[in-house]
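What follows is a set of structures to go through.
You will see two complexes here that share chain A, one where it goes with chain B and one where it goes with chain C.
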Partner chain A sequence: MSIVTVQLGQCGNQIGFEVFDALYSDSHCPQGLCSKRENEVYQASCKERFFSEEENGVPIARAVLVDMEPKVINQTLSKAAQSGRWKYGQHSCFCQKQGSGNNWAYGYSVHGPRHEESIMNLIQKEVEKCDCLSGFFIIMSMAGGTGSGLGAFVTQNLQDHYSNSLKMNQIIWPYGTGEVIVQNYNSILTLSHLYRSSDALLVHENDAVHKICAKLMNIKQISFTDINQVLAHQLGSVFQPTYSMEGSYHYRRNPLGELMENLVPHPEFKMLGIRNIPQMSENSLAYSTFTWAGLLKHLRQMLISNSKMEEGIDWQVRPPLSGLPTLGKVSLNRELHFNTSIANLVILRGKDVHSADLGGFKDPALYTSWLAPVNAFNVWKTQRAFSKYEKSAALVSNSQFLLKPLDTIVGKAWNMFASKAYIHQYTKFGIEEEDFLDSFTLLEQVVASYCNL
Partner chain B sequence: MPAHWTEETALKGRGHRSLGRRWRRVSTRSVIGRGPSRDGTGAVIGRWDPAAAARNPRKVSASCMGRRRRRVDRGAAVGALPEAIAALSRTLPAGPSPEIFRRAKFDRPEAAPALWQLLFRVLSPLSANGASAPPAQGEPPSTEAQVRVVKSELHSQGYPRRALAQLPEDGSQGSRELLLALAWLLARGPLLERLLAQTRVRLGDEIPLCECEALASPGPPVPRVEADGPVDIRHLQWLMGKLRFQWRKLITSQQEQCALLGKIHSYTRGCHSDRSLGHLSVAETELLRDAEGGRQLLRRLESENVCLEAALHWRRQELVFWRWMDTVLGTCPPEASQPTFVPRIPEKGAGEWELVARELQALQEELRGAAEPRRAAWEARVGGWGPEWSAVQRASREAVGLELAALQRAWERGGAAAQPHGPCRLVKSDAGASGGPGLRAAQVIEVLRSREACLEAVLCQLQRQCRQELARLAGALPGLIWILPPGR
Partner chain C sequence: MTQSVVVQVGQCGNQIGCCFWDLALREHAAVNQKGIYDEAISSFFRNVDTRVVGDGGNISKGKICSLKARAVLIDMEEGVVNEILQGPLRDVFDSKQLITDISGSGNNWAVGHKVFGRLYQEQILEKLRKSAEHCDCLQCFFIIHSMGGGTGSGLGTFLLKVLEDEFPEVYRFVTSIYPSGEDDVITSPYNSILAMKELNEHADCVLPIDNQSLFDIISKIDLMVNSGKLGTAIKPKSLVTSSAGALKKQHQKPFDAMNNIVANLLLNLTSSARFEGSLNMDLNEISMNLVPFPQLHYLVSSLTPLYTLADVNIPTRRLDQMFSDAFSKDHQLIRADPKHSLYLACALMVRGNVQVSDLRRNIERLKPSLQFISWNQEGWKTSLCSVPPVGHSHSLLALANNTCVKPTFMELRERFMRLYKKKAHLHHYLQIEGMEESCFMEAVSSLSTLIEEYNQLDATRSMPVEDLPRLSVAV
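On to the complex of A and B.
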C-alpha cells in the first residue's frame, strides 16, 4: 500500500526532501544487521510505500510539490536529482511567481481556489500510479501563509475527493519567539481547519527539535537542514517497515491505517507527537552501546515527564497512584508534572528486539481512566536496524504534551483578536471574525478535552 | 455384514407405536412412512412409494411379493442401511461412523459427543460464509459452547422437540435426540446441497452479488460484557472511531484487490482454454506459478469428488435410512404435541392466502371502526385550539406522507428488479462484446446503487430525528452551549 506525500510551502518542501532522503538512505543502508533476504523485503516494502519506479531504474518519490514561489521547489528538485539515488517526478510540482506574504487568508482563500484544479490534478495523477492508496501525508508549516493556508485548503479538498483515504498532516509548530507577528492567528486557523478535515496531526515543535540539535547532536550553528534531518529521522523511524505481528516476518502493509486506528480514533484527540531514542551524532554513535531495558526506561520517563529528548529528563515525575484521584490532571493553572497519555505506539528496531520488555508502558496509571492499556498501547517491531543505530526506539504518543503550547498560542491569539489587531488583513481576503470565533471555540474545546483526561 | 446390524433389524419387527410426527419431505424419493403405519407388525416398509418403485423395479418386486420375498428384501436392507449411513457420513463434514448412528438409536451416551460435534459443524453459522476452509480456525469452541450453539440454532430454525433443549450442556447425553434432530434437518431442506456448495473448490474469481445470506445468519452469539460501572462516553466514541478506521481499511483493501484482479485478468488475456472466459483467474494463475499448489488443489478436488459420489450414493439409498429412522422414532417417547414454529413462509395453497387476506381485511375494518369515533372525539376536543394545532397536524401528516412514499418507493424498487443472488464468477470481457450469458457489471452496479439510495434515505431520516432530538435537548437547557464535534 502506498502513501502519497504532499509537500506544501517552503517548510513542507524542505522537510519532504529530507524525509525521502532519509527513507531511501536507510533502506539502502548496508548496516541493516539482518540477512540479505530480509533486507530485500524491507527495501521492497519501503519502496512500494514511498517510491514508484521509472524506466531507468531510479526510484521516484510518490510526492507532489506545491509552493507559490519557485525558489525552494527548484532547489528541492535539483538536490534530489543531484543525489542520483532517487528523484521527484518530472511533472509533479506546481509553483507560482508570488507567495502569500505570511497571510493565512491569502493562501487559503486566494491561492487555494485559484489553483485548486491544477493541484488536485497533480495529486490525482500521483494517486493513479499507486496500486493501492493508503492515504496522504501532508507536510506543511503551521504559522506561515502558503504552507499553512493553502495546506488547510488542500487538506479539505482531499477530504472531499478521497474521503476513504487517510490524511495525516505533519505540521511544524513555530518557535515561541517567532518573528512573524501574526503567527498565532495563522496557527489557530490552521489547527482548527485541520481538526475538521484531517485524521491526525503529527506535530513537531521547532523549539524542541532545535534543542535536540544543540544538546544531542552537538551542532554549533544550527541550520534548517539540521532541524529537518532530525525530523526526517524521527518520521523514518516510525514509517519504515515493521513486522505485521509478533513472531511474523511479514511487513505491515498499511502502517498509516494501523497507526491511526491505534492512536486517533477519537475525533477530539488528534494531536500526535514523536519521541525517539537514541539520537546522537555519528561520531558519538561509534562509541556507544545500548540495552533495550535502558532505552525503554528513558523513553518511558521522557513520555511521563513530557521531555522531548533524553537529556534533562525530570526523573522526579511519577505516575499518579492508581485508585486515587489524579490531581495533576485537574487544572491547567497548576503546573502539569505528569503527562497523561490517551494512547501510545512504540516502535522498536534492531538487534534482539524480541527480548525487549515493554511492561513499563502497560501501566494503567499512564493512561486515562476510560481506556485500558490493552486498548491504548501498541508496539511495532523489526529486527532490521534503522539508519546505523544498532538499537533504536520511537514513540508516537497521543497525550497532553501539546496542551501548554496550544493553550499559549490560543491565549496570545485571543489577546490580539480582542484588540482587533491585524484582523483587516484577514477580512480583506474573506476570513471573517466569525471564522476566528469558530476557530477559538473549537480549539478551546480541544484544550478542555485534553485537560480533563 | 457385522452381526449387530442383523440384531438391529430383528429389533425393528417389534412394532411401533403411533407417532406424533412423521418425516415431512418435499422430495418424492422418501415419502416412506408418511401416515401412521397401518399394520402394527411390518413397520419397516411403511407405505409403498410408487415413484421410488418406478425408479427401482427390483425393490418393487421385492416389496410386492409375499412374506417370503419380504424377508429376502429385509436381508438386502440389512446390508443397505449401514451403506446408506456411511454414504451420508462421507457427505457430511466430519461425519461419524455408522456404528455411532446405531448406538444413537439406543440413546447410548458414548455416541453423543460425536453427534453434538457433527450437528455443530452442520449448523455452525460460521460455515455459512462460503469459505472453503473448515470453520474451526484457531481454537475449536468448548463442548458447552457447541451444545449451546446447536440448541439455539435448532430452536431458531423451528425444531419442535423440547427434549433436545432440556439435554445437559456438557454434551454427554442425548444421542437419540441428536439423531432425530439430524434427520429432521435432512428431511426439512436442502441441507446436503448447502453443505456441498459451501465446501466447493472454487477455481474462478468469485464475487458475492448480495450479502443477504451473510445478513440472515447473525453469526455466533457474542458474549455480553457487563460494564463494571458507568461507561465513559469517550470510550464509546473511541471504539466508534476505531470501527470507522477499520471500515476505511477494508474499503482500501477491497479496492486493492480489485486493482490486482484487473491486472491478472488483463495480463492473462487469451490464456484460458475456455474461449468464453478468455483469461485466467487468480487460482488458475497461482497453479501455473506453484506446482505444490497444484498438487494440493488436485487433492482437494479428489476429496470433493469423493463427497459428491457419496452424496449420489446416499440419494439412491436414503430410502432405507428413512425407514430405519421411523423405527428410531418409534423407540422414543412421544412428546405432547405443541405448536411448531416454522420461520419460513410455508408454501401453502392459494385458498389459505385468501383466508389470511380476508382475516386481515376484517381486522382492518374492526380497527377503523374503533379508531374513527375516537378520532372524532379527539378532534372535537382540540378543535378550539386554533391554527397552531392545525399546523402541527398538517406537518405531521406531511411527514407521514413522505415516509410512506419513501417506503413505497423502496418496496417497488426491491420488487421490480429481482436482485441477483449468490456468488458469480468474475470475467472481464471486451467492451464491444455485449450480450452473451451472465450479468453485466453495470446491472449489478445499478441494483447496488438503488439499494444504496434506499439506505441513504433511511440514514438521512434517522439523522434528522437525532438532530431534532438534540435540538430539543439543547432547548431544554438554556444555560448550556452545545458544540458539535469537529469533522467526521
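On to the complex of A and C.
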C-alpha cells in the first residue's frame, strides 16, 4: 500500500527531499546484511510504498510539493533531478509568487481557500497513481506561515475528501529560541487545528535534533541540511519495510494503518515522539559494535527518563513499583521524572533480530492502567539492516514525551497573548481573539490529559 | 518571486537611490554569471528590448537585453535627477518614470506636501500604476527620502497616503534620513515633525537613519585604514564605502560613502527574498515579526562587517565578532544604544557561509546582555541567505524594534518646540493653502503619543517577569 507525501513550505520541502533521499539510499544500500533475494523484496516493498515508476525506470517520489513562493521548490526539484537516482514528478508542484509572511492566518484563511482546488487536484492525481492508498504524510513546520497555516487547512481538506485514508502529520517543533518571533502563536493555532483533523502528530524537535548533531554526530558547523538528514534517518528507520508478523518473511503492507492502530487508541492522545539508537557519525560507526541487549536497555531508559538521545541518559529514573496506586496529578513544576506511556512501538532492524529480548518494554509499570501491555506494546522486525547500521532500533511512543514542550509553548503564547502583541496581524486576515482562545482551551485540555496519565 | 518598486524623492532620496541602483547592478552582475534574466534580478529590474518603441518591450525570460530599474524618481528641482540621467546609470532609468519641477520646495514641508502634492498627484498616480503594471506580483514599495528638507519630507510623505489608498495590499517600507543636531536647514525640526505624523499613520515600516551616525561610521573606517593597525588585512575600497564602479571616483563627496551604507542596507534587507538560503525571510515577514503593535514600526538597523578583509577563510572568532558588533552602539545607523534599552523584537539577517549552529551559538552568547520585553523574551527572527554580498564572505544586518529610538524622537520634539515657541519661520508654512497652526499641533501630539507608548514599555523594565495564570480546564 502506498503513502502519498505532501510537503508544505520551506521546511516541509527541505525535509521531504532528505526523507526520500534517505529511503532511496537505504533501499539501494549494498550493506543490507541479508540475502540478495531478501534485499530485492525489501526494495520492492519500499518502492511500492514511496515511489512510482516512470518508463525509463527512474523512480518518482509519491509526493506533492506545495509552497507559496518558488525558491525552495525550485531548489528541491533540481537537487532531486541532479542526483540522477530518483526525482519528483514534473507536475507535482504547486507554487505561488508571494509567501505567507510567517502569518498563520494568511496561510490558513487566504492561501488555503484561494488555492484549495489546485492543491487538492494535484493530490488527487498522485493518489490515482497508487494501486492502493494507505494514507498521507504531511510534512510541515509549526513556526512559519505556509507549513503551519496552509498545512492545517490542507489537512482539514484531506479529512473531508479522503475520510477513509489515514493522515499522519510530521510536524517540526521550532527551536525554543527564535526562528520566528510569532512562532508560539503559529504553533498553538496549528496544533489545535491539527488535533481536530489529523489522525496522529509525529513530532520532531529542532532543539533535540540539533543536540544529536552536536553531541552524537560530532558535526562542528551544523546546517539545516545536517538536521534534516538526521530527521530523515529517524523517519526512515520507522517506515522502511518490516516483516508482517513474527516468524514471517513477508513485508508488512500497511505500516501507517498498523502504527495508528497500535499507538493512537484514543483521540485525545495523538502526540507521538520518535527516538532511535544508535545515531553516530560514520567515522565512529566503523569502530563500534552493538548488542541487542545493550541497545534495548538504552532505548528503554531513554523512554522512561524522557531522554531525547543516547547521551546524558538519567539512569536514576525507575518505573513506579507495580501494585502501588499511581500518585494523583503530577505537578508540572516538579521535574517529571518518570515518563508514562500509553503505547509504544519498537522497530528493530539488523542481524539476529529475532534474538532480541523485549521483555523490558512489556512491563506494565511503564504504561497507564487502562491499556494492557499486550495491547500497549508492539514490535516490528526485519533482518535487513538499515542504512549502514548493523543493528538499529527505533521507538515511536505515545507518552508524556511532548508534555513539557507543549506546556512551554502554550505558556509562552499565553504570555504574549495577554499583551495582545501581534494580534492585529492575525485579525487582519480573519483569525480573531476568540480563535486564539479556542486553541488555548483545546491545548490546555491536551496538556491536562497527558499530565494525568 | 515578488517585485519591489523604489520611489526616491528629493535630493537626498535620489542620491541614495542612485547609489542603491549602482550596487544592485554590481551585485547581480557578480552573482548572475550567465547573463540570464532570472527571478532574482526581476525583483528590482525589468528586462527590456530597447528596439521596441513604446511599452511593449518587456521580456520576461531568456538573456538579459537591457535592464531597467523598477524605480520612480521624483524631485521638485532638476539638478540631481539631471545629473543621474547624464551619468553612467542613465540607461538604467526609464525616462518616463520621472517627475521633476524647477523651483524646488524651499526646504518647506508644506510646499512639498500641499502645493506639489496637489499639483502632481495625478502624474504620481500614473507613474506608480505604470510601474505596478510591469510587475507580476508587486510586494513592496521602498520609499527613500530625508525628513529635514521640503521635497523628500513633504512630497515623500504625501506619496505614502497615495500608496496606501491605491495599493493597500502592498507594503510601504520607508528609509528616512533624520536631521542631525547640527543640520544646516533651520526649519528641519518643523519638516521632520510634520513628516513624522505621516510616517506614523501611513507607513508599514520605517528605518530611521541619521547623518551623524553614518559620518561616524565612515570616520571610523577611515581611521582604521589610515592607521594601518590591521596592516594589509583591510582593503580600503570595499563595496560598502566606495562608489568605485559606475559612479565617478574623483569627486567623492563625503555623502557618497554615507549613501553607500544606506544602499547596502536596502540590498541586504532584500537579499533573503531574492536569493536562496536554508532559512528564507521574505519582506512581508519583516513586518509580521517586528511590528507587535501597528504604531510601533520604527526599526533601528545595524550592518556588519563594514570593511572587507583580505583573507576569506575567516576563523570562527571573527564571525562571532560580527554578531557582537551588530549590537554595539557604534554600528547603529541612528544614534541609539539598543543594548541599554528595551527590545521588543530583533531580526538577524545573515548572508554568506554561516550555518544555523553559528547563529544559535551567538544568540545564546549575546542574549544575557540584552533586555527583551517580558512577553517576548525570545523575540528573535532569523534568516540565512547563502549568497554573500560582493566582496565579503558573510555579513549581518540586524533590525531592532527597540525603545532606543525614543531619545531621537524626544530630541526632535525639543528642537521643534524651541522654534515653535518663538513662532520662528512659521509664516512660510502658514501662508500655504491648507496649512494651519492646528497641523503643527496635531503633528506634535502624534509624536508625543508615540513617545508615551515607548515610555510605557520602558516602565515595564523594572517589573519582574512573571508567568501569567493559565486557563484551567476541568479534566
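The criterion applied here is as follows: the second predicted complex is superposed on the first by the 448 of 453 C-alpha atoms of A that agree within 3 Å, B and C clash if a C-alpha of one lies under 4 Å from a C-alpha of the other, contacts with A are read in each partner's own complex, and residues count from 1 in each chain.
As a convention for this text, a contact is a pair of C-beta atoms (placed from the backbone, for glycine too) under 8 Å apart; a residue touches a chain by one contact, two chains touch by 3 or more.
Here the structure is a predicted model, which means the values were calculated and not measured.
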Clash or fit (per the criteria above) of chain B with chain C on chain A: fit
Partner chain(s) touched by A:261 [first = chain B, second = chain C, both, neither]: first
Chain B versus chain C as contact partner of A:371, first or second or both or neither: first
First, second, both or neither for A:52, with chain B first and chain C second: neither
Partner chain in contact with A:197 - chain B first, chain C second, else both or neither: first
Touching partner for A:410 - first (chain B), second (chain C), both, neither: second
Greater residue coverage of chain A in the superposed arrangement, chain B or chain C: C
Partner chain(s) touched by A:166 [first = chain B, second = chain C, both, neither]: first
Touching partner for A:14 - first (chain B), second (chain C), both, neither: second
Chain B versus chain C as contact partner of A:25, first or second or both or neither: neither
Angle at chain A between chain B and chain C, C-alpha centres, nearest 10 degrees: 140
Touching partner for A:445 - first (chain B), second (chain C), both, neither: both
Shortest span in Å between Cα atoms of chain B and of chain C, once chain A is used as the common reference: 7
Doubly contacted chain A residues - partners chain C and chain B: 441, 445
Complex contact set, residues of chain C against chain A: 1-2, 39, 136-137, 139, 276, 278-280, 282, 284-285, 287-294, 344-345, 355-358, 360, 363-364, 367, 374-382, 384, 467-468, 470-473, 475
In the complex, chain A residues that touch chain C: 10, 14, 69-72, 75, 97-103, 145, 175-182, 210, 213-214, 219-225, 227, 410-412, 414-416, 418-422, 424-425, 440-441, 444-445, 448-449, 452
Chain B to chain A touching residues, read off their complex: 232, 234-235, 237-242, 244-246, 248-249, 251-253, 255-256, 259-260, 263, 483, 485-488
Touching residues on chain A, where the partner in the complex is chain B: 1, 131-134, 164-166, 192, 195-198, 254, 257, 260-261, 264-268, 368-371, 375, 441-442, 445
